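Next up, some structures in structure tokens.
Common to both upcoming complexes is chain A, partnered first by chain B, then by chain C.
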Partner chain A sequence: MLEFIKKVSNTSVSSLVMSNIFSADYDDYLIQQTAYDDASSTNDGTMRLLDSGGTVITASEYYYAGENTRTYNNFSESNGVGETSFGYFGFQDSSTTTGVGMSMYVFKPHESSLFTKCIWQAQMGGGGQGRWYGGSHQVAETITGIQFDTGSGTVDIDCIVYGIKGL
Partner chain B sequence: MAGVFELVDEYEVTSSLTSINLGGGSSGSSGLNASIDSTYDTYFVTGSGAVLDGGNSIYLRWLVSGSEDLTANTKQWAQRAMYSNTSNEYRFYTSNYTELTLQNGTQAGENSAFYLYLNCFPESSVGSMVTVHSAWDHYGSPVGSGNRAYSRLGGAGDMTKQSCDGITIWSGSNFTAGTFRLFGLVK
Partner chain C sequence: MVDKSNTYGFVPSSPTQARGSNTGIFEVNDITDLLLDEKWSGEFDALELIETRTFSSQSTINFTTSSITDYDVHFFTFNHTFGGNTPALRVSSDGGTSYLSTNEYDWNYRTMSRDGSSGTQYRDNGTYFMPLSRSVSADHGLGSNVWIYNMNDSYKYTQFTIQSSGTSTSDGVNYYSRTFFGNGFVEDKAVHNALQLLPNTGTLSGTASLYGLKQN
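Now for the complex of A and B:
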């Protein structure tokens, strides 16, 4: 079953930090991004993890692969090897305010001996496309939170975190 | 309460084994004697921290009355195979299983995770359908070079009109760790 952990919201920000959302209470998590809109400039969102001390991990440790299902052209694909963040979250054009919806599963972030896995799906109004991605943070360490970044300009952003509860 | 996911079955790998049954009644790995049945229409599965002791893959088979359905050419699956280091590929087969991952890494820290939705399993008048989204660390080439993350997106179906009461998650290598859960979506 899903258990509500936290909702974090802010407006006109270039990043949103969600700290202390992962713990030994759950193995896996679902994160719903229910708002990512009103962009001040064209941007393409990214996501980073927070280490056991709550520090954002900016090292080249992010690996991911995915597909973009586009309304306006053939589908495309993107990937990353040794990147400084997971890419391809919310794309927003400053001329649109139609927002982004995103669901992401995070697997075993609190397990210090494993690489944390993230699997995300997003649909965005700006650019009219869906995104389907899987990634691995390839350093074994305890992860305690996440940070979304716009890369350029500001957005209004809401996120809700649920723990997936077992026995 | 309608709309809530309820835990139906769960298995935590504590000693090495080649397969985990979720549901399937007395054939289930947990000992909970849980089955996929008409209590729920839709089931949700998570697998996380799955570690193999060999550079192998993770597969799924359908359980009928607690036994693996090994009937040839009855399961059809098509998935987008997505690679961090090269172009994506289409991957599709007719067989008696479906892939969930392929060529898992075995270096320290490497593991697999996935979530699945299961629909139509209890019904005997239709097939049994699975949607797949997974991520794992690929073993690299040469083996052990690592630093690759792969992902799968797609589906698989048992095209036989029959009731399925569970799934088996299996590999040609041993699972040495992993947490596997089966949830039902309350009607």
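Now for the complex of A and C:
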């Protein structure tokens, strides 16, 4: 079953921090986003993890690969090796409000002996961009939260967190 | 003695009742009322079933339950037992009286098949939201799940992502695993309060369920 944990919405921000959302109460999580709008400039967002002390992890520990699908152009594959964040999250054109749809599964973030794995799929912006990605934070440690960053400018953004629990 | 002077009839008479903070002595009907008002403590599944439909040889399957607008995010599952046609989705902004059927659906998807053919990419603007891939025989059905976002927001487009698993065959003898994933949006900023499953031609047989995700 899915159990609602937290929802945060904010406007005109360059990042959104979701602290203390992962705990021993759940093994795995579903993270959703329905807004990444009204960007002050066109941007392609990223996501980072928070360690056990709530500090954003900025080291070169993020690995990911996936595909960007588009309604208006050919698809493209992309990957990151030893990056300082997971790439290809929010995307929005400047001054545009369309809403987005993103679902990300996060696996065992609270388990200190494992790498934290994520897979995310999204429909971004009004231009019809899709995101189909998987990633791994390649250091075994307890993860307690996430942070979305725009990389450039501000957006209106939200985030909804669910815990996945067996019956 | 149970005090019936308050809304739910519990003792004491006027504590504030909320999830995670229930106080008093409750009768069964009190708990039922509090559950309906989402004020009863406990573990609740945030994924709530809106409607399940089982159908055979139908040309359209409509989901028009009024509770569709209780949610901002929906989850749709579809099991297509048989049909050489291709299922698709449409939305309505008038409760299902009519469904948007102009070229307001922008979508793209990729298919991959175990038969050795290379992955293919498609993109289009059409009168329904992308085909959900197709089943090719009665015992090689199709399983799909779809996330639907912002149906209930008149300031945003309704957005979709979809994944399907099915099979392909060219001779009706050898069947190969086929994977499908795609995404799109409806170029219509309005509250969409009904969903239609339909084939590109002919009819559909199978089962489909629509769920809503609570955000509190």
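Please note the rule applied: the second predicted complex is superposed on the first by the 163 of 167 C-alpha atoms of A that agree within 3 Å, B and C clash if a C-alpha of one lies under 4 Å from a C-alpha of the other, contacts with A are read in each partner's own complex, and residues count from 1 in each chain.
Everything below uses one rule, namely that a contact is a pair of C-beta atoms (placed from the backbone, for glycine too) under 8 Å apart; a residue touches a chain by one contact, two chains touch by 3 or more.
Only a predicted model underlies this, so the values are computations on that prediction, with no experimental measurement involved.
In this superposed model built on chain A, chain B and chain C take up the same space, so to speak, and clash.
With both structures placed on the common chain, the touch criterion links A:V56 to neither chain B nor chain C. Of the two partner chains, chain B and chain C are each touched by A:L2. Contacts of A:V17 after superposition on the shared chain: neither chain B nor chain C is touched.
Of the two partner chains, both chain B and chain C are touched by A:W132.
Legend: residue contacts after superposition of the two complexes on their common chain; A:G66 is shown touching chain B, with no touch to chain C. By the document's definition of touching, of the two partners only chain B reaches A:E77; chain C does not.
Of the two partner chains, chain C is the only one touched by A:A122; chain B is not.
Residue contacts after overlaying the shared chain place A:G99 against chain C, while chain B stays out of touching range.
When both structures are laid over each other on chain A, chain B collides with chain C only at 135-143; the other stretches in 135-143, 153-161 or 189-197 stay clear. In the three-chain superposition model, chain A touches both chain B and chain C at residues 1-2, 67, 121, 132, 165.
Taken in their complex, chain B has these residues touching chain A: 4-7, 10, 46, 48-49, 51, 80, 82-88, 108-115, 133-137, 146-153, 179, 181, 183.
Within the complex formed with chain B, the chain A residues making contact are 1-2, 27-28, 63-67, 77, 79-82, 105, 107-108, 111, 113-115, 117-119, 121, 132-136, 138-140, 164-167. If you check the complex, the residues on chain C that touch chain A are 43-47, 72-73, 106-110, 121, 123-125, 147-150, 153, 155-161, 163, 181-185, 187, 213-216. Put simply, chain A touches chain C in their complex at residues 1-4, 7, 32, 34-35, 37, 67, 69-72, 74-75, 97-101, 103, 121-123, 126, 128-130, 132, 160, 162, 165.
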